[in-house]
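For reference, the structure is listed below as structure tokens.
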Amino acid sequence: MSEGTIAWLLVSSALVLFMTPGLALFYGGMVRSKNVLNMLMKNFFTISIVTVVWTLVGYTLAFGTDIGGIIGGFDFLGLRGVEGDALLFMVFQMMFAIITPALISGAVAERMKFSAWVLFTTLWALLVYPVVAHWGFAADGWLFAWGVRDFAGGLVVHINAGIAALALVFALGPRKGFGAEVMRPHSLPLTLLGTGILWFGWFGFNAGSALAADGIAINAFVTTQIAASVAALGWVVAEWLRNGKPTTLGAASGAVAGLVAITPGAGFVSPLSAMAIGLIAGFVCFWAVSLKFRFGYDDSLDVVGVHLAGGIVGSVLLGVFAQSSINAFVPDGLLFGGAGFFLKQVAAVAVVIVFTFVATYLLARIVKAITGLRVDDNQETEGLDISLHEERGYVLAE
Amino acid sequence: MSEGTIAWLLVSSALVLFMTPGLALFYGGMVRSKNVLNMLMKNFFTISIVTVVWTLVGYTLAFGTDIGGIIGGFDFLGLRGVEGDALLFMVFQMMFAIITPALISGAVAERMKFSAWVLFTTLWALLVYPVVAHWGFAADGWLFAWGVRDFAGGLVVHINAGIAALALVFALGPRKGFGAEVMRPHSLPLTLLGTGILWFGWFGFNAGSALAADGIAINAFVTTQIAASVAALGWVVAEWLRNGKPTTLGAASGAVAGLVAITPGAGFVSPLSAMAIGLIAGFVCFWAVSLKFRFGYDDSLDVVGVHLAGGIVGSVLLGVFAQSSINAFVPDGLLFGGAGFFLKQVAAVAVVIVFTFVATYLLARIVKAITGLRVDDNQETEGLDISLHEERGYVLAE
Amino acid sequence: MSEGTIAWLLVSSALVLFMTPGLALFYGGMVRSKNVLNMLMKNFFTISIVTVVWTLVGYTLAFGTDIGGIIGGFDFLGLRGVEGDALLFMVFQMMFAIITPALISGAVAERMKFSAWVLFTTLWALLVYPVVAHWGFAADGWLFAWGVRDFAGGLVVHINAGIAALALVFALGPRKGFGAEVMRPHSLPLTLLGTGILWFGWFGFNAGSALAADGIAINAFVTTQIAASVAALGWVVAEWLRNGKPTTLGAASGAVAGLVAITPGAGFVSPLSAMAIGLIAGFVCFWAVSLKFRFGYDDSLDVVGVHLAGGIVGSVLLGVFAQSSINAFVPDGLLFGGAGFFLKQVAAVAVVIVFTFVATYLLARIVKAITGLRVDDNQETEGLDISLHEERGYVLAE
Amino acid sequence: MKLVIAYIKPFKLDQVKDELRSQGVAGMSVSEIRGFGRQLGQTEVYRGAEYRVEFVPKIRIEVVVDDDAVDRVVASVEAAARTGEIGDGKIVVVPIDQVVRIRTGERGAEAL
Amino acid sequence: MKLVIAYIKPFKLDQVKDELRSQGVAGMSVSEIRGFGRQLGQTEVYRGAEYRVEFVPKIRIEVVVDDDAVDRVVASVEAAARTGEIGDGKIVVVPIDQVVRIRTGERGAEAL
Amino acid sequence: MKLVIAYIKPFKLDQVKDELRSQGVAGMSVSEIRGFGRQLGQTEVYRGAEYRVEFVPKIRIEVVVDDDAVDRVVASVEAAARTGEIGDGKIVVVPIDQVVRIRTGERGAEAL
């Protein structure tokens, strides 16, 4: 790699790592103040866990020599022989492996045990993420080889995390008072700060996925900016019309929805297509977060509504808006005459949803058997910060 | 462009985008807690609005084929034909187009309607910013062609935003209780965090404006660091002497004043000149923020005092300290024998002040006629967060 | 330098600068709410002070033409002749000179006068830091020339700051109520945010210290990520076993301990060695922070426990894990057959500890004679924010 | 002497304070509380779903007054705090045995 | 009429409120306080060191009730707030001279 | 029995608490309030402009005591909270009908 590309990928890796603390704040602001530290801690600790898992085993499972299109072999166990450019690729990919399970934590906020989270994340980072990453990102992974495209992780990161969140919510059950009491974000400024960091980091996520400092990276950068902006616009306009007030939480959620939706196509679609994708994502995700009330699952911080829905929108719309003239590594989408690619994208979405839902639900049952999944009722009422960590988020008067 | 330059400009673009959330926090911490979300929201939403405006029309108005030195033509409408390096330049410039109106929002804090802000920003980003950007940044823009220099936006960003803020404040009137009640920042830690992010992002803003990873970028980086530091020092020393206590708000304001003042000259002056510019900016802006009490205009968060005053200081002092030996694209300043350049800088400051003041005031009247500018008295007392967004910034006990 | 390397070092410099606001928040969250602004202010103001000192004198003392291995000469006074690549190196090193004294501020939190801090930092940045930097970083500095290695500042930054903190704590005495009252962090979310920023910035700190966008930078990046993660893991597991609860403050402290410990060896050891270093650092620093209770010195925010202890662990373990196959600029460590290097590392640790302790203690006495070191009892009870700055951190209800 | 306690709407605090001062009341103590009454809370929309929030933010004022000032003080608070809408709050008058001014040790009416 | 003041454990607030409502109590006012009593604070571990924290977070409830309802109300709070463990808190009954509903100017029992 | 209420300067809380404990007072309840009195607020400088801030942060203490302890308790608070400067605050003594210890159901002096 050239020094310019190394520089860009080092920066991109740092940016993607920075997204996880950003996500911690984004989620941390949305819970009630008695659970803020637990929320932050679950995210920070996920960095630790996944870094170890990925270094030792995860990377080789995802990117080791392909075994039947399904999984990588053990050649890079403990990073054996991974040096130079490969080491850079390894660490860039590590940051994706970190944030994906971290995303899940928002759905199970305010009630899942910390010990259960530690065990769950370890297993999921070991058994689920590398498999889907191999399918979607590795050159010989069967989805990729079949022709499915996922520029920066619509399938591998967002749909994967979103559907895992749903499975885990089913295993865990809702918070006490879900649906009856309003559980307002305790600090929207924290959430907005998190949004800012996520947006900033996402440039590394998407434009870094070009794996070079080139025109594709530039295109991905621009589409990312546009989709995030337009989706925030779409969400806020939708709620303004429907509920009468534009909210900051809506703007933040919309921006993230747009970032999610452009992820699979950032380097494959034009800036104007990104505008369309963002707008659709803003509307769809606004509507999708309301489903939890209709169907009664407590996706606490809207991981399903934003990441699963946004990931589906983005992966499917890539099948519509992809342009081989933008990037020769993608076939044309529906709009430019390529129906086959569109169908493959839809199929891939379905495959990942089924696989990850089943695998995650099984893991959740295993974890439940070992550590239990939920804190008890008193702990939930008292808050997880005191009951699990013996700490309080804020000690403003003393 | 080389990969190294692409890498640097991608990073710089991300850094400049990150400044707007940073600004949101900087301003958000300074308002009373009942208005924090509205302040954050106005800034975040400005990202969305300007991204759309710039993509569709703004960029071509600023950088399309020149029409009489006044404005760009429609050749790049909807980014038609803007690809590769041009696309990178487009998105880097987009970030400047975003933060400029965002800066204005601080002056009208705690009383301007959200709907009015949305309409105002849209019109301003469409009709005012691209014009001034064309004059100052485009190769054929009349100010640039005439010999005026503005390295990273002293005229185009800071004076432009600062004088627009003044015009809007005139149209809007002061907050209830202005001058009589103390309206203390509700969270200076948030403001300091914002300062940190702004400082960090400003390296992209100034050093990125070299449009290459070269010696000019290095020079701009160093002068930025020095001017910010020294201006904070100057401001704090001034208030320590005058009011008896050094304040964190003074340090934060001083740093921003220094960053503003070095912006027009970052790549044109030497590090030691930057020290002089920073010191002068620290003193001048410390004094300038007190003018609002003397003249009774409610520039709530000191946009005029910091950005207009700092921008003038910087643009005029560029005429003093510019060195063609630092950068061949600038003539020597007064101190190095070039009186002509100095006068052009002064003239340019006057031109932008007059143009933008008039244009902004007219826009404000138009917006007033359509949506009204201010919330009503009860909403202002209750706070904009509840009354406009039905959200509260902090829900610490529940 | 190539454009790629310039790009990388510009970014790295920005990242390292960003660490100081990150540190301000990290520390700011840990003090009681009545002292948060003073804590932030001490850090921000350190940026200003050191930038001036370094520009005018510090840089040439550290990196000017060597005088007997002890100190640099005056050739670069006021940056005379420092241009282009040298200017870039100067500013990158400036960021290290800034954060080192800033680190000290945590140990003396909640009681040291602001004026005393200003004077102390000025003197320390002028008389202590450049000396140790010359010894460890300059090609002719005697420690470096003797064969000691310090990749990114284990000796120069962390041991230096940590032992200076101890000396200053001795001169200053403990806070009122130390040991008797619990003095809980007033905002752990702020501390976690600071941790995130520090972690992010540390990539510039360590991987930037390769001074090129090359394989060494990549290696340093990866070891940084691994050591931070594993140390957080180690610390949390240790406290979970010992105190029964995993804490967010433990995770944050552990991550920083790991970052500190990998700093001297980031570009010299393998990723798996980084895992060992991180784990040891996590355990050792967890134990080291408890020493202040045993020996009764009030190292308020654990600067000694984390930076001194972590710095020693890292510098000594570099003597164990260094691999010339990773980086030809380092001899092999103990584990790879090189005992001599190990002993030199141990000796260097001792030398810096003795020199800096004595020098700092003397400076502290001088400062005490001039401004006094501590606020008076009433000011300490009332809080430094009101008594020194006439500001309050939070005004949540008004 | 009496202790007059009033629970009022937060945005009425300024008016009540000004009114009391103009009545010559020398001091008062104010805290933030959450109130629950006939107002029966508020309806809030969050993420598109509607919720009933039972406790509404209120301000609690305490004023110690001399016996002959009680009626005037109660009337002042009443007038200043009234909007006529539900949730305006209550005033309670509590008899007290003694008041002490800490600074001087004065007792009774002197201490006010 | 009486003013009933209760200091209770924070997590008991919901139960106490529900119980009072089911007793027909029309309103109440709630604030957060720090309490100190026989419970003698709590032991907290911070950075591995143990500390005694003397003040424990509690909730303070005020309810104005008619004379004949006092016993019922006290009994309700007692029942709902009791855990049987140290730190359950106290109930105090204070006689009052007058209550006023600000909105309507009603006085006495009418005002409740 | 009596309810003693004191409004004091925040930094005096520790001293008052220690004094009361040494007097054998078994419990107390503390909250943060904003006070307004002869002190007439404080002058604050912000951005170089001077402002008068009318409300000053104070601490409110409530202690339930037996009749025979009232004078001692009032005297203790007086002594511990006095600085002699304006703003030291007030102590109010309110008669009460009943005290209940929630944990045990004890009533009256037993309940303290």
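The first chain written gets the first letter, and so on, giving A, B, C, D, E and F; residue counts start at 1 in each chain.
Operating definition for what follows: a contact is a pair of C-beta atoms (placed from the backbone, for glycine too) under 8 Å apart; a residue touches a chain by one contact, two chains touch by 3 or more.
Just so you know, these numbers come straight off a predicted model, no measurement behind them.
Colleague: Where among C-E, B-D or A-E does the B-F interface show up again, with more than half of the contact pairs the same?
Modeller: Selected from C-E, B-D or A-E as the counterpart of B-F: C-E.
Colleague: Could you state the distance in Å from the CA-based centre of subunit A to that of subunit C?
Modeller: Centre separation, subunit A to subunit C: 33 Å.
Colleague: Between subunit C and subunit F, what is the gap in Å from one C-alpha centre to the other?
Modeller: Subunit C and subunit F have C-alpha centres separated by 45 Å.
Colleague: If you average the CA atoms of subunit A and of subunit F, how far apart do the two points sit, in angstrom?
Modeller: For subunit A versus subunit F, the centre distance works out to 53 Å.
Colleague: Provide the list of subunit C residues touching at least two other chains, using ranges where the numbers run on.
Modeller: If we look for residues of subunit C contacting two or more partner chains, we find 2-5, 7-8, 11, 184, 187, 193, 197, 245, 249, 390, 394, 396-397.
Colleague: Pull out every residue in subunit F that's touching 2 or more other chains.
Modeller: In subunit F, the residues touching two or more other chains are 31-32, 44-45, 94-95.
Colleague: Chain pairs in touch?
Modeller: Pairwise, the chains that meet the contact rule are A-B, A-C, A-D, A-E, B-C, B-D, B-F, C-E, C-F, D-E, D-F, E-F.
Colleague: What residues on subunit A touch subunit C, complex-wise?
Modeller: Per the touch definition, subunit A meets subunit C at residues 2-8, 10-11, 13-14, 17-18, 20-22, 24-25, 28, 36-37, 40-41, 44-45, 47-49, 51-52, 55, 78-79, 83-85, 87-88, 90-91, 94, 114, 187, 190, 193, 197, 388-398.
Colleague: For the complex, which residues does subunit D have touching subunit B?
Modeller: 11, 44-45
Colleague: Where on subunit C is subunit E touching in the complex?
Modeller: Answer in residue numbers: 179-184, 239, 242-243, 245, 249, 289-290, 293, 302.
Colleague: So in the complex, the part of subunit B that touches subunit D is made up of which residues?
Modeller: 378, 381-382, 390
Colleague: Going by the contact rule at the top, pick out the subunit B residues touching subunit C in the complex.
Modeller: Checking each residue of subunit B against subunit C gives 2-5, 7-8, 11, 15, 32-33, 184-189, 192-193, 195-197, 199-200, 203-204, 207, 212-215, 217-219, 221-222, 225-226, 229-230, 232-233, 236, 245-249, 251-252, 255, 271-272, 275, 394, 396.
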